[in-house]
Structures are given as C-alpha cells and as structure tokens.
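Okay, so here's the structure we're looking at.
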C-alpha cells in the first residue's frame, strides 16, 4: 500500500468513527418515521458534503483510467472499512450499484454519454440502477435474459420485466443500465446488449418494492419493474449491439472485490459486537465470553475473517498485476468465501446476542439479510464453485494417473 | 396412533389443503394493505369458525386432564401439519403462546381463574401472552428475571420491563401470564412467581413492537412492555408465591414438542418448495434438480428431517409413557435439533429459489426468520446442549477408565 | 420387541460384558505376537463354544425362512451390542460377510448347495467371502464388474481380478460367492451371475492383503485375488445365469441394517470412551469434561447417535412390515447416516483422548478406519444420496409450482 | 521472495520430481520387506548425498543466526514442496524433529554442546528426538510434565516415562532433548528444564513403538521410553535450570510454520490425486469429475488450501518482520487451520478414490493419519483456539458496549 493510500484509509476510518457510525441511528430513525419511507434522510446529504469537502470522494475510480486512483488492493482495504456500516459507502460516493455503473460508462461510454450521466453521478447529484435480473428466467445464466430491445428506426423499443433492481425506488435514481436482447438469433453470447435508459422515460412502471427477509431496504430498495414500449435513442447503446455479455463480464471483477471487502467489514463489526456482548452478559454465573463454545466461535471467526481478507486481497493483487482474466479463479473464490464468512460470523453474533440480536436494536439481522443476498448477487455460490472446479480440473486433464499419486504402480489401478 | 387420532390428522391435513393454504395470500395481503397493521384479517375468524364447526378445535388439550385428548405422539403429528403454514395453528385454536397459557391455567389455575380466563381462551374469543423475557438480563437463566411483584395488602404491585412478549400487540390479547420476583431474598429457585395480569390494567405500556429480521409479524407481533405500578388482586397468583420457576419448568415439555413438530412441518414444506423450484428452472441447459449439489441437499434434507421427526416423536412417546422428567434429555435434544434442521433446509431452499427465495413471493425468508428465533426461544441451543452433556457425563462419573475403553491396560494410562 | 427378543438382547449384552470385552486384549495380543498373523486366536473358538452352548448362535436368521427367527428390528438392536467390540459378532456366528452369504444361500441356494456349504457355515466350522469388487473398474456401479464366467461344457471357467475380498485370507475361509459376467451381450442388468467357488479350487491366487489406514485386519483381512482359469461345475450357480444383479440387490437390505446398527454400537462405545477420558484428565486446572467444547461434542454426539438409531430401526421396521423394496429410500439413508455418525463420534473421542487415541492403546483409530470403509462398502455415500434424492424428486415431478409454495401468485414466477 | 530463494524453491521442486517422488515406492517397499522394519532404506542416504551435493541442504537454518539463511516466508514455501512427499524433507536434512532440535541447540546450546551434537546433526550423520510428552498426564499443558531430573553432584539423574517420542526407534537416533522437572517446588513456569540425553546412556529403555492408526511409521516411528536412573553430566543442560518452559515456547514458532506449510503440500498433492482419479473413473456413465458433488469438493478444497497458505505465509511474514511474540495469534491460527484443511482435503480424495484410497496403493490414508496427529502435536486444536479467542477478547475488554454495536441505544440493553 502506498503512503497516500494508507493515509486515505486512516482518514476514511476516522471519518467513519466521527461522522458515519454516530449517524446510523438518525438515518434509520428518519426512514422509520417518514410518512414516505422512500425519502432520503437529510443526514446522508450532509455526510456526503463533509466527505467531499474532506477529499474522501470517488475513491473507487479505476487506476487504469484515473492514474491518480487507487489500486484494487488499496481501495479494497478502504472498502472493508466502509462496509462496516450499512450507510458507510454512500457518503464517499462509493456505493453499489453506482460505482459499477460509473465504471461501465467510463470504460464503454461515449463522450456524450459521459457528459450526460457520468458527470452528475460522479458529483453525487443523481443515482443509478442496473437492470439485468428477470423473474421469468434463471438469471444466474446471463444468456437467459429475455427483455426485448427492438430496433425501430433510430430508436430502440424495450419490453420486458425486471426484478431485484437495487436502487430503482430511490427518488434520486435517474438512469438505468439495462440489459436485453437486440438479436435473439445471434450466436448465444452476442444476443445481449446494454442501453442507458433514463428512469423518467414513458413506459417504465415500478411495480412494487421487493423485500429481503422482511426488509424493504428503504430508501433505496429493490424494485420489480415493467418496461412497456420504452423508447430510447440508439445513441444510448453502450459499446455496440451484441456486446452486452462482454460488458457484463468486464464489469464483474472489481465489483466483486468491493462486495467482498465490504462483507469482511460486516464480519469484523459483527465479531466486535459478539465479543462485547459476550463480555457484558452473565447467564448462569459466568460471562458468555467465559463459555468454551463462545471462545471456539470467536477463534473460528477470527481465522475465517483473516483468511477471507487475505484471499480477497490476493485476488485484488492479481487484478492489479496480471489482470482480471488471469484472476478469474481467484475472483470466483472470494465471491463464495467472503459472503459465506460474513453470514457465518453474523449468525454466531446473533446467537450470542440472544433474541435482541435478531431485532432492530442490533445491526446484525439486517447485516445477515444483506450478506445472504450476496450469495446470489452476480451469480450464486454454485456457479462460482463450478468456475473454480473447472479451472482446477483443467490442470490435470490429460495428466497420466500414474506413479505420482499412487505409491506402488499397483496391479489393478486404472 | 389411535384410529381416532389418525382420522383427526387426516381431517386436519384436508382442512389445510382446502382452507388454510388458499387463505395465506389473502391473510398476508390484508395485513399489508391495512391502514393499521395490527388488525386481524377477517379470513382468520372465518377459518376458526369452520374448524370449530368441523370439530377440529383445541386438539392440544392434555390427555391427563382431558381423557378424550390426544397423546403427545398423536398431537405432535398433527402439529407438524399445522406448522406447514405460518397461519396453520390459529384456525384450530392451537397457536402459541395460547396453548401453553391454557395448559398452565388448566394445571395450576383456580376455578375462578379458569372461569374468567380459560373459558374465553378455549372458545377462541380472546388471546393471551406470556411475559417472562427481560431486556436487561440474560433471560435464558430464568433466575435472572428482575421484574418486581411487590405485596401491598391484598394486591400485588408490578414494576418491570419485558420484551419479546409475543402476541401482546394483538388487539384480541386480553390476558398475560407474568413472571417476576415476589421475594428477592428467598432461595434462588423460590424467588419467582407467576401472576395473571389483564392487559387493560392501568400502568401497562406497550413501548414498541420488535422486529425479527425486519418482520414485525403483525398482527400478533412481539412487544416491549413496561409495567409501572401495575396492581392486580392477590387472587391472580398461579399456584402460589415462589412457585414461578416450578411452573416455568412444567410448562416447557409439551410446548417444546409442539414447537419442534411445527418446525418439522416448516422444513417439509421448504423441501417441497426446493424440489418443485429445482424441477422448474433451467440455468445453463439443465434443470437445477439435475445438478449434483442440489441432489446432495435434497438427500441431506430428507435424512435430517426424518431423523428430527423420529427423535421428536420419541421424546413425545417418553412424555406419554414415563413422564416429562424422565424425558428431559430427549426434550433438550429436540429443542436443538428441530429448529436447526428447519433453518438448514429453509436456507437450502432459499439458495435454490435464488433471490426470489428471500422475498415476499416465497414463504421461505419468513420461515427462516421464525425458525431462527426458535434457536433462542425457551433457552438457546447452548443451554440445551449443556443439559444433554450433563446427563450423558453423569452416566460415567465414577466409572473406572479401565479395560472397557482401552485395549491393552496400557503402561502409562491414567 | 418381543419378550423373547428382549431376553436375548440382555443375554447378549451380559455375554459381551462377561466374555467378549475381557477377551479383546488377548485376541489382539495373540495376533501381534503370532509368527503368522493369519492364525486364529484360540480365544475366539472358545468364545464361539460358549455362545453356542448358551444358545446365542445364528441370531441373524431371517424370520421369513426361520419363523422362530428375530425381526429386523429385534436383531438390529442385538447387532448394536455386538458392534461395540471389533470381535463382538463372530462369537455368535453373526459376522459379515458370513451372515450375508448364509442368507444368500438360504434364499437362492439349491438343497445340495445348502447341504455342502450352508450347514458348515451355520455350524461355525468354516468361513466364507464375497468376491465382487474389482480394482480395474468403479465397482460402486455393479454393472461395471468385468470378471468373466465362461461356459465350458458343464463347467464355468472364471478369469478376473478382485480386491477388497474381506475374510479371504482367513485360514478357515473355504467358500466364496463370486460375481462375474456370464453374458456380456445380455441386457445390462442380466449380464452378471453369482457362483459358489471353493477357495481351494486351482487357479485362485491371493495376491496380497490390502491395508486400511495401515491395518491389515488380520487374521481375517481383505485380499486382492486373481482367478485364472478357475473351473467350477455349473451346479455351483446361484439362482441362474444372469441373475447376479438381482441377488446383489436382494442381499443388500438386511446387511445394511446390520452394518448400520453395528456402527451405532461403535459410536456408543466411542462416546463412552470420550466421556470417561474427559472426566479423568485435567489439563490447565480443570477436567476436559468441564470444557465447553467437550460438552458441545458430547451433546452433539448423543443427538446424532440417537437419531441414527431411530432412523435405522425405522428402516428395519419398514423391512419387517412393508418389505425391502418399499424401504429402499430408508435403507439408502441409514447407509449414509450411520457410518458418518460413527466416524464423527470416533473422531471427537480421538481428539479428547489426545495422541493416545490414535494408537494401539485405544480401540478408536481402528474403529475409525473400519467405519471409514463403510462409507464405501456396498456403494459410496454419494450413490445412496442419489437414490434418496431421486425418490424425493419423484414425488414432485409434474406437480404444479403454483400457490402452494409461493405466497402471492407472483407476477413473474415461472 | 528473493531471487535466490525462488531459485532454491525451483531447484527443490525439480529435485522432488527427479529424485524423491520416484523413490517413494522403493523406500516403502524396502521397509515392508526388511527382516527388521527399523532399518534405513539405502535410497534415503543416496537422496541425502544427492541433495547435499546439489547444495540443497539445511535450508531451514534460521536467518537470525545464519544471515545467509532463508526467511520464514521463503523457507515456508520450500517446506510446502517437501511436504508433498512423506519422504520429502529428510533428503534435504530438513525433517522434524531434527530441525527443531538443531535450532534449539543453535539458540541455547553451549559451544561444547554444538560441537558434540549440532555438527553431526547438520552433517546428517545422526538423528535426534525430543522427549516431552508423557502418558500419565495431559501433556498439552507443559507444566504437567512429571519426569524427574534430580541433581546428584555434578550429574542429573533422570526418572520418568515418555511416549510419542518421534524418531527414537530410528537406529541413527543418537541424542534426545528431554524435558523434565529440576525443581517441583519452583514457580509453575520455572520447574521444568531441558537436558541433552545421549540415547545410549544406560537406563534408557524403548518399551515399544506406538502406532498411528495402524502405521508404525518405521523406520523412524514413535516410541514409548522409560528413563530409569539415567545419569548425564550437568553440562548437558540447555540454557539453565528452570528454563525448560521458556525454551519450549521459543521452539514452537518456526516449527509450526514448517508443519503447516508441509500440511499444505500434503493437501495440494491430495487434491491432485483427487482430480486425476476423478477424471479417470466412470461409474454410471460419466466421470466422477463430472459429478456436481465432486466439483463442489474440488472448489472448496482449492479455496481452503489457498486461504490456509496465505494465512501461514502471513504468520511467517509477521515472524520475519515483527517477531514470534507479535505473531502469536497468527501462529496459533495456522496450527489449527492447516492440519484441518489437510485432513479435510485428504478425506475427500479418499472418498473419490474409493476403497483403494484407504489402502497402501495410495498415499492418502497415511497422509490422513499423519495430518490427524498434527491436530494434537504441539498442543491440540482446542488449546490454540483458546489462545486466539483470548487475544481477540482482550481487544474489547473494558470497551463500552454502547452505540457502536447497536443501532438505537435501546431502552433495556445492558
């Protein structure tokens, strides 16, 4: 880590302590008492102003496009700190899905697209969403996406139903990146395209917010959206027709590092809660921290967290040095490991905190719900394990199965 | 199982198919659209009327007091069926905490108490709550309960704060059984008493509903309640001063069988959902049901469910034949096993259902949240494992450690 | 359990206490000091004489052929007791693979075959082996078996290589039941046949004993055997040509109950060892039994053992009442559950016993090695899980995926 | 890693491929066919000569004493490669317990001690053992050690019984470092001392070899030893009376890194075996590698191995940069993680290899047995988890349990 990155990390940590953690209660409270839950608590805009003023802004910018930017290893470690709070990323204009969307426009957008959408996003004036998942098909396989993007003169006409569109209900959300089929007859990986669709385009209906466990995650939330004869100019396409799948692939690497490092932040804070609660409660004459099983959990949690962090930073390091493609197995691995570790550690913390740990008085149940979604987001665990297995097996295809793995070249082996 | 019990079971199953499952959506919908979420959906009173008319009513009544009643083994199997639906027990007037409260009054109540409270509860006219857990202390150890029940002439004056009082926010909840200290100086297990406290007694404030993974579980819910100088006549005491701990113990056995069998119903329905979804989705060219890991989960789920059911019925059988006390280890075991199996199977089902599985479109996330609370309710897993371990070790205390467990009576063993 | 079965069980248990456990050391010692490890310790023949004299002999005989015999539920519980000792089954003439072989001859043998082989087996005068598994193919799939059984006039000529032929090195082993192909062109499940092959037939070479985790399991052991132009009369065939697969299927049910119940006996004894050792050792100032993690293990072990036993007895009960075929899923389940529980409990006991637990001073490491083989014997865990999954999914094939498993008949579900 | 270290690593890897793996069969075979199993196979001395000639010798030497030596990070990575073979460390004079013993003498020995014992050890002319564990006490707590080292003029007289003394049966073993009590009345951590005891001193009896599972691990093995009035000159003491505990502590750090990195080598080779076997077997019509559960195992194994390696290298890095003491939690963590990962991966490989995987035809069962012992060696998992938990909890002792871990500073939290 460069000295500058270390300094940024320390300043982000200090900002979290001074401004973000103390604002959590107020933020939550505002939403719960608002007549309309889909209203942004003023404290968030305040936090953004402060962070921007402090120069802690847009830290996610990719080094290859912004040479002053941070490496994945550096930004990853800052992500972990932001991830400790459910409202920890937005003050720094570093929250999903905006970071992924901004990066996509940076990489694949035209100058006009950048001027129109990237600029206000980078200023934190608007927010965005990413419209890919569909209720009617198994969307973990992106080639299944069915939404139609039909060519009509110099416009595209979009028809389809999307769900789990995170951030769409946010009143500040002005733009979506939508994935759909421009050519259902093309080769399988060339059927999909991505287009920029302004959220105020006629024909877009937010059908309902979806809940995760019982959380609506207001004021951002997750929407089911119907697109009915939605017309956008052809200049809104990203990169070109049939290149949606390619963009989807490119988008995933850094986003996963961020998600995973935030998950590790979640796990660290949960372990902290676990330890503090365990030290402060005394059922049956001794503290929960003095019970052997609690100590077993603490040790296992520390081991799992430290290993997940090292693996994630290793993946980030490979992305920084040999590129996203060479890091493919590593990225798949962290996508499985980090959210599962977060779920496991948070679950242990809930058990130590008793019923209270499941309630609104602790950050744990919401953290669990969020971490649990990450076992699907960008593909379920099973898809990533498959990637890892395939690459591992490839090393041995065609290898003889002879003396190396068995001692005596036994009679009957085959 | 007697022929009569089998017939009842089949009729309950048929009633669920015909009336309860089809009402789930309407029930849920009513609550979500009501201006006040704490309003009872009319469909529930309708279901109750139908079940009562069909004679499927108060099936839980303990055989020792109602010789026509069902054994624990028989009622347990009916509980499993009711447990398949989140609204499955109430139509039959068999929902917690009312069953436990009714049983407590049956066992320990005076004739006057029965006339006043048991009767309307058994008619399904009112509901009740059980006020034990407190936010300020580790309530898994009942001797920690701090609420004061002070004697004042022929009244008790109650002061304290309770939480996780399930059913208290229900507008039909008219009576609570409260546990508190009548004599803080008595021997540790004689300090606590239980009193009947009408919910309209002055001094009772429902501070707030608590959420479980974001769910408020309206219209019943879980309340935090303050009792401030709440006065009840001394005739409201159950069994006598200092006998609260004793009642608490007696109350637990059957209640746990019921909870556990309902958990198994939850797990069965989740496995059904898992299988159906797996058969109907085709990512990457084959159904999810054709993927080896899914099949592994299905097999493991079936094994875990069947084992948990057998263990629970074995505990019920012991209660029926040799009594609650002799079944103590078995009851502790099922209290750990059944909710954990439910959580595990539901979690697998959520993974198969994808993000939708966490949303309001499936019964899974709510089932998970509920099952997760059962790992604390009536004591956390760890307390029950401790009971099992203590009883296992007792068998070997003082046993010699000689030839039986080691082959050669080795040189240096000690 | 009938009164007679209970009495037998108690007498077997008493015999184990009085005669078998005390003989374990002598048996082991004899083998280790013998100039030829493949010599039977005289104490075993003594134990057999005593058990036979006491009428505790051939308890395994199938009720359908021996109406005085025990049901599977009854014999299963006796098996558990025998399984507690590595030398616990043979004294009662109830050890594998003889019981399976005797049952096979009872079911499918001619009168001449019975006279020649069943009689001395039932008298305990000779022993037998079952020659199915082959090193060259994945034998978990019985259709892969390659050994050739060629017709030549009124003889069969056998050529092939088998391994893991348990009991073949035992000097008393006089007969094998061999599976091989009589017709490689027949329909897949009609290619295999079983023939009786006397072990002294020319052309049989025991190539070497195989070890299991370093154990040779002398004096019975597991052999690799070559059959080279081995000639047996055609009258040695069992049931008829092409019926080997069918016999293999029929053979498996009861054998699995026995294996599983013995595994539970192994687990029970390991838990006993664990508890006694934990109570007797005091590192860091308190007994190992006072450490929370040990207590967690003890509780988990008790829960797992009791559940596995109930599931196994349930499978046995189904076999007794509705037959092996209807119990197919249950039999597959116990085949996975019981050996895994045994491995888990034994492993915990080893951890509690420290390094000694892995050595010859305890019965644990050998018990682990044996239990571990049962995760392959008669098919690996994965094959049995597949059976369970297939049968579970079959229940839902064609079921609609509608309102039952999802609450609102949501917009986009498919 | 320095260029020189990388070059050494590559040369060690090449040496393994060219000389060590091909010699495994011959080594094993020699021992199995020898009239006395405790004879060194000549191929080992040959391998040593070759490695020494190649300059691949004593690579373990600690950098602080041998500035030309490798750092822990560097040597650790070489250890992993050596660990792939059960005979992989000795050719390079890098096998336990010699490396630990040599390091101990380097650190704490007098010049005379070095001349007499360190020199021939470093030349690979003799071997050594470390005599600490005792059968009569829980030796995971070193303060329990009971062997008496009584002062008698200018000699010590040693009486006691040790077991699990690895390498003692090796005919080349000439020296032991023995731990025992010089002063039973001293402060608890000052009672123990370490002395050099030549193995040919009168009064030493090797009672018997101990087996691990069924392996005697000849020709090195693990002995039970009686010391009866064994006299050594006082000049044989290491560091001074009462400093045994201190030496024991200092000894552990690097040794654990080595053990753990070798465990990772074991796991890597097992995964290789798993993949190759899975690709080469076809039960039920497709390769084992095409089954979902196998792929799940492969992916999980890769994730666990990579994480364990990173954690171990991180601990090594801390030892290199901030010292053994500051790395205490990390060293405790890897001591739990690495052997458990090795056991898990090897167990999966055995399952894929079928029964053969448990036999002498594969390296797996022996690797499992060895890895399993590492869950006790230098203290059982539970002791190390306790260390990790204690250090984690220490961070939070005295911390307030306020707003940081719970959202609203709730009413009743305490």
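Going in written order, the chains are labelled A, B, C and D, and every chain counts its residues from 1.
Convention: contacts are C-beta pairs under 8 Å (C-beta built on N, C-alpha and C of every residue); 3 or more make two chains touch, one makes a residue touch a chain.
Being a predicted model, the structure only gives us computed values, none of them experimental.
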{"item": "Steps needed, at fewest, to go from chain A to chain C via touching chains", "value": "1"}
{"item": "Selected pair, greater C-beta contact count between B-C and B-D", "value": "B-C"}
{"item": "Of all other chains, the one whose Cα centre sits farthest from chain D", "value": "B"}
{"item": "Where chain A and chain B are represented by their mean Cα positions, the distance between them in whole Å", "value": "37"}
{"item": "Inter-chain centre distance, chain B versus chain C - centres from mean C-alpha coordinates, in Å", "value": "41"}
{"item": "Chain B-chain D separation of Cα centroids, rounded to whole Å", "value": "50"}
{"item": "Touching two or more other chains - residues of chain C", "value": "135, 163, 291, 293-296, 356, 360-361, 382, 385, 410, 413-414"}
{"item": "In the complex, chain A residues that touch chain D", "value": "21-22, 24-25, 28-29, 269, 271-273, 275-280, 289, 294-296, 298-300, 302-303, 306-308, 310-311, 314, 329-330, 333, 336-337, 356, 360-363, 382, 384-390, 392-393, 395-397, 399, 401, 403-410, 413-414"}
{"item": "Chain C to chain A touching residues, read off their complex", "value": "134-137, 161, 163, 207, 224, 291-296, 410-414"}
{"item": "Chain A-facing residues of chain B, complex", "value": "133, 135, 138-141, 144, 163-164, 210-216, 281-284, 288, 291, 293, 350-351, 354-356, 358-361, 365-366, 368-369, 372-373, 375-377, 380-383, 385"}
